[in-house]
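In what follows, structures are represented as structure tokens.
Shared chain: chain A. Partners: chain B in the first complex, chain C in the second.
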Partner chain A sequence: MRNRRVIIATIVGAVFACVAMTGSAFAGNTYKLAISLAITGPTSDAGNPYSKGVGDYVKYVNDNKILGDDKVDCMIRDDAYKTDVTKRNFEEFLDEGIVLYMNYSTGSTLALKKDFDEEKIAVLPASYHAGNLLDSNYILLPIPSYSSQVIGLAEYVANNHKDGKAKVAMFIHPSAFGRGPVEDLEKAIAAGLNIEIVEVVEHGKDLDNTAMIKRLQSKGVQYVVCHTVQSPVATFIKDAKRLGVSASNFGEAGKMTFLGAHYTGGNDLIALAGDAAENFFWTTGFMLTSVPGEGTDFQLKLAKTYGRDDKLANSHNYTSGIMVAQVAVETIRRALANGKAVTKASLYEELLAMNGDNSYDPKTTTGPVTFSKTDHEGVDKLQLYRASGGVFKGEGAAFVPEYVSKIK
Partner chain B sequence: MATNRWLATGNFFSTYKEEQRIFLTNIDRLTIWSLIAALYAWPLIFQMSNKNMLVIDSILVAVVAVIGLNMVTGFAGLISIGHAAFVGVGAYTAALLAASWGESHAILTHAWPLVILFSGLVGAVIGGFVGLPAMRLKHLYLAIATLSFQMIFTWTINFMTLFNQGQTMPLPRVFWLTGKVVRKDHYFFWYFVILTVIVMSGFAVRNLMRTRYGRCLIAVRDNDRAADAMGMHPGFTKVYAFALAGFFAGMAGAMHAYLFRGAGIESFSLHQSISYLAMAIVGGLGTLSGSFFGPAAIQFLDLQVENLSAWAGTILGSSMNLATALRPLTFGLVIVLFLIFEPRGIANWWRITRSYFKLWPFRY
Partner chain C sequence: MSYFFQLVVSGMVVGSIYALSALGFVLIYKSSRVLNIAHGQIIAAGAFITYALTVMVGIPLYIAFLLSMIITFFLAMAVERIFLRKLIGEPIISVIMVTIGLMSILDGLIYLTPFGTLNLSFPPFFPTTPISLGGVSISWTQLVGVLVTAVFIGGLSWFFKKSTLGISMRAVSDDQLAAMSVGISVPKVFGLAWALAGMSAAAAGGIIGNITGLNFDTLHAFGILVFPVVILGGLDSIIGAVVAGIIMGLIQQFAAGYLDGNWGLNGTADVLPYIVLLILLLFKPHGLFGTHEIERV
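Right, the complex of A and B next:
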């Protein structure tokens, strides 16, 4: 009797052991990614949808077994746009053993630049500041830098302006984020770009820009290139419309045509400025849901799957979040496909090999993502959009700014 | 004459010197030294993550800064709304040295205690200069003068290329007897450094308040005309209070810069000045212990609200920016509640607790 019990117990134990071992053999690995961004606080209007883009895509990858049995664990932390908090979050991520990091603000990306190099970890920031790349090996911009965007807009002005040299004013954020592209645009002008910068305005928190608009008008400014966030641009263009100086088509004589880089435009600008946003020219490296395509269809499907509202589903910040997560997951997939262990080093290697035939097209961007040892700007092409009828519509084909390579 | 140095009960002071003892009883002495020993020992026993160590280090840096604020606002009664700017002066002093000499300069990497001390001295000079209007101004007018300094500081840093237009100016990792302090030990190392500065500062302030120079701060706060009549110089005292505040703030700033490996304007904003003021109020203005309790309480609260608003941010729609409002709302509410219900701050709870034990075995 006693022997029988021992035998039964042994068999049950063996079965449990086999099940447990089989389970662990098929459990797969979990790769840790992380992002620290402004879910609350300043710029959270961009950070919040961005975080949801990252989160939803990672959920999609795990739910649809894009990496087979392997999973991605992406830690998303709010830093309320404070560099000290970003630093704290980054320390936590390192303790958790992340293999790739996605950062957010320009300030924190610049502040942590040395840490990224020291830790030898690839970083995909939401800040496209060209200065991020200076003296840094591990920061990789997902789309063209702000400098490239501003030069691209200036080229569009130079190519489409009639009657001699275009008089341009720059309307920028009072920080390194805003100031960065000015110097590069000046270099492009020195290299032959046919525009004249009449004035560079660092905006404050003005609720009325009448005096500034009148001043710019008296200086003969016909184009305003904005590089800041949406709300000051909305105030500016609403005032311009009120004063009757907004151009109804590109380059209308005696009026001002407004153009802006990535963080100035999108649906949020239209929501803030209403019909004053009409005829606003905006450039970014992302596809918009107002211009249907494979990537935007996927974005809308993803948003629907995870119960997101229309506003979020159509936000280009949601697209940006999806895109960085796409790049991160694709890098992991490639490392696995090449038989490498997924580590900080192997992912960095894979990112730098993402060029030529190995470039990656996430379909959510205006062109493929390419990185190499010398090229740390992912997508090279920009798309110009124009606000018309309350939505941004594509204006011509995606383009690569010509003067960017000339000033390097 | 006291016959029992262990209990306060039944002991009476017969000289002023006795009354000014740092430790009134041996229990006091034992408690404080045990507490200090425990503060030094616990990180060696309990393993902390870098993140948590960074949180604790940040609290300690704030303690040094609030000790300074307590000198000027608590002890001398001069409202300062620009204290973060003084902290910033210290941080930017260290950062400027790094920018001028190069990050790997031996003074910055090896003689870092001198850099911290020097930053404190620069803070003291700037503090004394900013304090000059205190010779003529009082109350709200003086508060506005300090606010102006905060504004000027922010503007200067944000626009001058010398200060990298507000973007982070890097500082190097330092060396210790065991070699370069790498990331693994960075926060652990700075915990001991900042704690040592706090212990030294605490004793220095406690001793200062026993001297005529310390007492004259309180005299000027309580009634500057009476202090003048008693032979003190209220104007000089006020300027010197600002210089002292600047010294502690400067040291805190340099340690903050070393801790975070850089100085950026964001950490020294008006909002941070208000936070320091809140720490001093919640801790207890005009008390040394309040300088320890306030930063710990406010930063702990801030962390909890941060978690709460992050959680709210993930469940609330992006258009409802309610999560963003949670932080300032909670912060303001705590200050208002303290001002209404416990204007003497957490230090008063500590005082009551100590009194209870001091009078033991009699009832409080």
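Right, the complex of A and C next:
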């Protein structure tokens, strides 16, 4: 009698085990991704929409079975822009078994560079600082670096300035993030780029930029290339407008034309500066919803599906978040399609193979994403936008800055 | 020469706004000897309340500006009542630590609203054409900033010198025990000091928000940015805040105008005010107009 009970219990146990195993096989695998970013704290005006872009795209992938029965679990954590918190988050993510990581700030990307290499995990940061790539194998910038962006803007100035050598001032953030591109632009000038940097201004929290503007004007500065965040640029261009020195069209003689890299522009600049942002020239590697296209239509649909308001739906930071999630998911899809187990190593391999015929066009960017062993800048093309009528509109076709390859 | 005068005017305008931002520190310190580290958060809250009233509720901007001052008056009074009232008589360092905690709480509360992570600006209200005279230009927002500062300084100076409440506040500031012994309610005085500080913070937030746009990081940074002004002026002196604000504003503008960009110098506009502060404090350790207390043992 006792033996009979043991046999029945064993059979019931075995059946349960089989059902459980079959069930999990039907449910597919779950791949863990993670991002630590500033959802609150400094720069959260960018980090918050970015986090929603990542989250919404991952939800879309799971809801629409983009990976079949497999799912993506993306852990999104706030680090309030504190590098120590980012490091702690990253270590916890590793314990959770993530296969790819998306980081955020320049400071934390630089600080964790060695950890990424030690862990051999591919990292897609929201910081496009070229210095991230120095002595690093695993950091991959989604779009052209800030240096490439600033060189691209300077090239546009050189190519479109009408009277001799253009006099340019740089208005930068007082940090590694801000200073990074200055040296690269100087190299481009040494390589023949026909502009002159008259002054590099590291801004503070200024309530009145009159003295600086008058000083730059007295030195004949006609173009100001900004590489910082929107708020100081907004105060600067509002003061320039008040003093009557803002150019009403590109290169207007005796006036200043303002240009800026990724984090200086977008709808946030217009929200802060109002009509003083008119004729601000801005470059990024992302498509904007003000320029209809397949990627932007998808972005607006995604935002609508997940109940996002108009402001978020049209934010380029939301686009940036979607884009890194797109790249991460596509990498997983390719690993699976190639019959590989989804691991840190296989995803890194797939990312580096993302070139030539294997390049990936997420449609949310101004060109395809290409990575290789020697190329860790994903999108190569930049699009110039110009603020007009309260929105940024495309200015000419997307381009690859010529001098970027010349200084490498 | 117009360049020089432009720098003078810009410096005085910026200095006035610094003084307005610094007033909240001074008012609280003057009555309770407490430094409110969360002052920047109240400045930001005032700006966002003005925005919410004018954009979301549809109240004209100038009325929203006045209403936000009234709201922050009561908000700051409530903050004092809830968080600080029970600390009366406790060591000052404990109270300052509470204001650091308060800063984190206010940060968290603002991040719970959309204002924490959005970039916004007030609807256009003032004429966009600046006021220009002899090559010197000033925007309407800046002019209003100077006028609001003047009204606050004038009003508070009168209040402290002539009104019974103001004299009570000064009495509490001089000696709490003596003030209590003549029937002055110290808790009420503290509450009123916080309320007035809240009101001035909202005014500063409205003016700064109009100049820089509404970005939480930028706005609350002014709480700390004006700290040198408060120290230089002498912590408990309203006139000191004004004079120090204008000195700081002028130093910044002259440094930006004459030093930065020349002889390889850069960023002197941000550093020089601190250097001047350090030098002045060597000779005037209580600030320019601060009370020099002498304890006889």
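FYI, the second predicted complex is superposed on the first by the 386 of 408 C-alpha atoms of A that agree within 3 Å, B and C clash if a C-alpha of one lies under 4 Å from a C-alpha of the other, contacts with A are read in each partner's own complex, and residues count from 1 in each chain.
We adopt the following convention: a contact is a pair of C-beta atoms (placed from the backbone, for glycine too) under 8 Å apart; a residue touches a chain by one contact, two chains touch by 3 or more.
This is a predicted model, so every value here is computed, not measured.
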Item to check | Fit or clash between chain C and chain B when superposed on chain A | outcome: clash
Next on the checklist: Looking at A:370 after the superposition, I want to know if it touches chain B, chain C, both of them or none. Which is it: first, second, both, neither?
Outcome noted: neither
Checklist entry - Once the shared chain is lined up, is A:207 touching chain B (first), chain C (second), both, or neither of them? => result second
Checklist entry - Which of the two partners, first being chain B and second being chain C, lies in contact with A:215: first, second, both, or neither? => result second
Checklist entry - Looking at the overlay, what does A:87 touch: chain B (first), chain C (second), both, or neither? => result first
Item to check | Which superposed partner A:311 touches (first chain B, second chain C, both, neither) | outcome: both
Next on the checklist: Looking at A:119 after the superposition, I want to know if it touches chain B, chain C, both of them or none. Which is it: first, second, both, neither?
Outcome noted: first
Checklist entry - Thinking of the overlay built on chain A, is A:343 touched by chain B (first), by chain C (second), by both, or by neither? => result neither
Next on the checklist: I'd like to know which partner A:107 touches here: chain B for first, chain C for second, both or neither.
Outcome noted: first
Checklist entry - With the two structures laid over each other on chain A, which partner does A:43 touch: chain B (first), chain C (second), both, or neither? => result second
Checklist entry - Touching chain B and also chain C: which chain A residues? => result 39-41, 44-45, 48-49, 174, 311
Checklist outcome for this item: Residue positions on chain A within touch of chain B in the complex are 39-41, 44-45, 48-49, 51-52, 76-78, 80, 82-85, 87-89, 91-92, 94-95, 106-107, 110-111, 114-115, 118-119, 174-176, 179, 309, 311-312, 315
Checklist entry - What residues of chain A sit close enough to touch chain C in their complex? => result 39-45, 47-49, 174, 199-202, 204-212, 214-216, 218-219, 230-231, 234-235, 238, 241-243, 268-269, 271-275, 311
Checklist entry - Where on chain C is chain A touching in the complex? => result 3, 6-7, 10, 13-14, 17, 107-108, 111, 116-121, 124, 128, 130, 137, 139, 142, 208, 211-218, 221-222, 225, 252-254, 256-257, 260-261, 266-267, 269-270
Next on the checklist: Considering only the defined contacts, which chain B positions touch chain A in the complex?
Outcome noted: 49-51, 54-55, 58, 158, 164-168, 170, 183, 187, 260-262, 264, 266-267, 306, 309-310, 312-314, 317-319, 321, 323-324, 326-327
